[in-house]
């Protein structure tokens, strides 16, 4: 019933701690223009714009789609603004692709961004609530106890997280857009970095970045003559669960498990580890790689860390994970999920340059948000579904 | 209990302040505008179709196309295209006495900009009237470098 | 006046918005309980699980909760982190243990901090008890619970806590 | 396009000041909408609308999920916009064939802050927001431009207010209602010349929920489903000085795409938080004098931010259900001076 959706243009900014040379609009336009250029299209060719970002308090602009409408060529067109916490970049792409699949539009521009340097991420993530006692120190303070719970449950060696960070930072050296591109981030350097939220070390955490990501999606009949063959959306899924409730599985959330099952089954994937050639998953703290390997069904529960240990998730492993360097190397929060989705598409288009997985045909894009409660995923492929 | 906390029929309420010192990078086009303001001048930018946008933007609002690199001096005077009257100004607003908000099309501009007009009373405001900026002595490159506009000839 | 030759690249646009926050009905009952030195949870009429702090509903069953349950101020650490980095909103001296405490009789962990114990001795399964401000200083805010401290009882085995992670 | 209908609608009393938290407000509303729909959970899709800045707390929508029934986990999304756009997203999802039923909700608490000032943070952060123009003053700029161009008077605006408040007498959830004489309204002082208190929507807190169902399934659960026969939304330039404030180009465009003109309109629910905006919207939608506008009292009588647009769609659907309209138009707006507009056409058969 649904129309096929093609990804014909992908663009992103260079991600960095402070893009002092651009306005918010300028940052978004940089990514959007690269995506349009990649697609061989121009502003008037776009039928609708879907924009996503994390809390408005990061930049202090309430509902910034209003101010950004002109900058994204949306005047006279439909424009939607998505916000699903950290998973927003992924859900934004899903909403944009739905507009194509529904047959409502032929060409949709989707953009996600964060310009964290306008303020400070910790402020907007931990606004003090009156009458409460603040005991959770930002996202790191929230997720560190879950990491400890995972360590205890799985018996994973303590250096698992360090190994993930070493791998992702090495991958980032091959990605010209990555924020953290530091050849000195060796095992010893990461192991020796200070504990911030013990058991999470400084170099096992993501940076705060300014950045944006954009994609141009089209229906099959509207595919322009792009420089590259398109990537195709094979399946998409979203799942949410409440923040906190009795009997909740926080380390291996049921919402993530269900989302993965759905996205595989819709794409006809029965053995994800064998059938998926590359995965871009949302790992803001290094330990989440092994945790998500289990949640995504790539490994049995309690065994995810072995994939990291055995090198399965390395660029030359059997399931390369975060070849771009991942969230650990670039984190413009609102855009981070879309970057995962876009990097997956770049892999199957053979567009990933030095961090390309040879012959990648099927890739997973993954994002999560809130307290591990919002999930969005897509499977993209080089072949028409 | 802190006297700031109130029990309103069993429900507790308390003051909550959201306060951030945002610092914004402005990019090249707005940068020209703010630099000119600091220097006591007003500039607009020409779109590819030749319309002059004031305040300037990096893009033609109608099409999204990038603007040209032609910046032009505009104003300092202009015409009020519409206005409203503020009888009780809020603390953050430009003037602490009653004033008008107005859309002002500066001489040489094709779009109008928003600012305050210090006219004393509403009977002195009229659509089509001419106004000129009243500059602050200490300017930093900010829209507030114009304290307000005032009727021309005052 | 600023340096005229240098182009302006940044502007400052401070924001201050004032609100009057309302804690809502259920949380207010809880906070007023705290003001009397009591921890009041709510039981879900459907799944019978006990929530603290209560928000007036069971998100699992999507039904309102009204039945009040007084809980012990003792509990078990289900997991924790040692915070060694300052955070603007927290004034506990570093390093401190940020803990999830499963209060006895409750079904979800309560977030707090542990003191009176070296951070390297904090364990999953450790038994802890709330340390309150002196009775005359009790207020209807969570600041009335200063922190949790170890009780010295034997640890609860991890097997019994697994499902609360 | 696939046939999709609204089969139930519920809303909270639009109180000037709600002390309940968002979940406490929302939960009974969601329960009521679900119960009336005749559809059992889980819904194939859930979508909501809200904005963090209203209350000054980030991630309000995260907690609100407690009221939605998200266990076992649900396919769910959120727009940081009025819930009317959440309904649009849900409608799109049903069009893809991946969903047959959807729960849509929206909520907003404006009373904790100074709403006209909070809304200044919606403006261009470089040249507008730093001046802190409040939302009422900006609407007044538009009102003057409209009055001077159209030849309408402040009396015409007062008549819109009096009619709306009279209509709201039959709406138990209205914040403002009653019989008001135009003369007396005109004798009150301006709050932002040319606007008076009655020209502006009241500040209130509220929540709205509704259920969408596709095709035959809708016919099974609802005697007279309110079919969405057209829905579209468009946006205009942000800068007030770059657009003609006296017309609503985006509403006109959305109305064309949604097919408003394809048949006679019996009832229109317009999201006009200011009296003059109703007149601008009537023009843009091409509504004749015989169209009953805002039988609920409209946003002028109850304007729960982020829910008021969705409420217009619910109110319009209610006229289809009760048989008082065969064809209804609902409208929602977002941003300063009608920057963004959504138009939805509902039909009873």
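We call the chains A, B, C and D, going by the order they appear; numbering starts again at 1 in every chain.
We take it that a contact is a pair of C-beta atoms (placed from the backbone, for glycine too) under 8 Å apart; a residue touches a chain by one contact, two chains touch by 3 or more.
Fair warning: this is a prediction, and the values are worked out from it, not measured in the lab.
Considering the contact criterion stated above, the chains in touch with chain B and with chain D alike are A, C.
By number of C-beta pairs in contact, A-D leads over the other of A-D and C-D.
Between the Cα centres of chain A and chain D there is a gap of 33 Å.
A straight line joining the Cα centres of chain A and chain B is 38 Å long.
For the pair chain A and chain C, the distance between C-alpha centroids works out to 30 Å. Residues of chain B found to touch two or more other chains are 5, 8, 11-16, 18, 20-26, 30, 57, 61-62, 142.
In chain D, the positions touching at least two other chains are 19-20, 53, 56-57, 63, 65-66, 70-71, 112, 114, 117-118, 121, 125-126, 129-130, 237-239, 242. Counting partners per residue, chain A has 20-21, 23-24, 57, 59-60, 70, 74-76, 123-124, 127, 129-131, 242-243, 245 as the residues that reach two or more other chains. Residue ranges of chain D in contact with chain A, taken from their complex: 1, 46, 51-53, 56-59, 61-63, 65-66, 70-81, 85, 88-89, 92-93, 95-98, 118-119, 121-126, 129, 232-239, 242, 249-250, 253, 334-336, 339-340. On the chain A side of its complex with chain B, the touching residues are 18-26, 29, 43-44, 57, 59-60, 70-76, 117-119, 123-124, 127, 129-131.
Contact residues on chain A toward chain C in their complex (touch as defined above): 20-21, 60, 122-123, 126-138, 140-141, 144-149, 152-153, 194-200, 242-251. Residues 8-9, 11, 13, 16, 18, 22, 24, 26, 30, 33, 53-55, 57, 61-62, 81-87, 90, 92-94, 101-105, 111-116, 122, 127, 142-144 of chain B touch chain D in their complex. Residues of chain C that touch chain A in their complex: 9-10, 13, 15, 21, 23, 27, 31, 44, 47, 49-51, 58-60, 78-85, 87-90, 92, 95, 98-100, 107-108, 111-113, 119, 124, 140-143, 145, 158, 162-163, 165.
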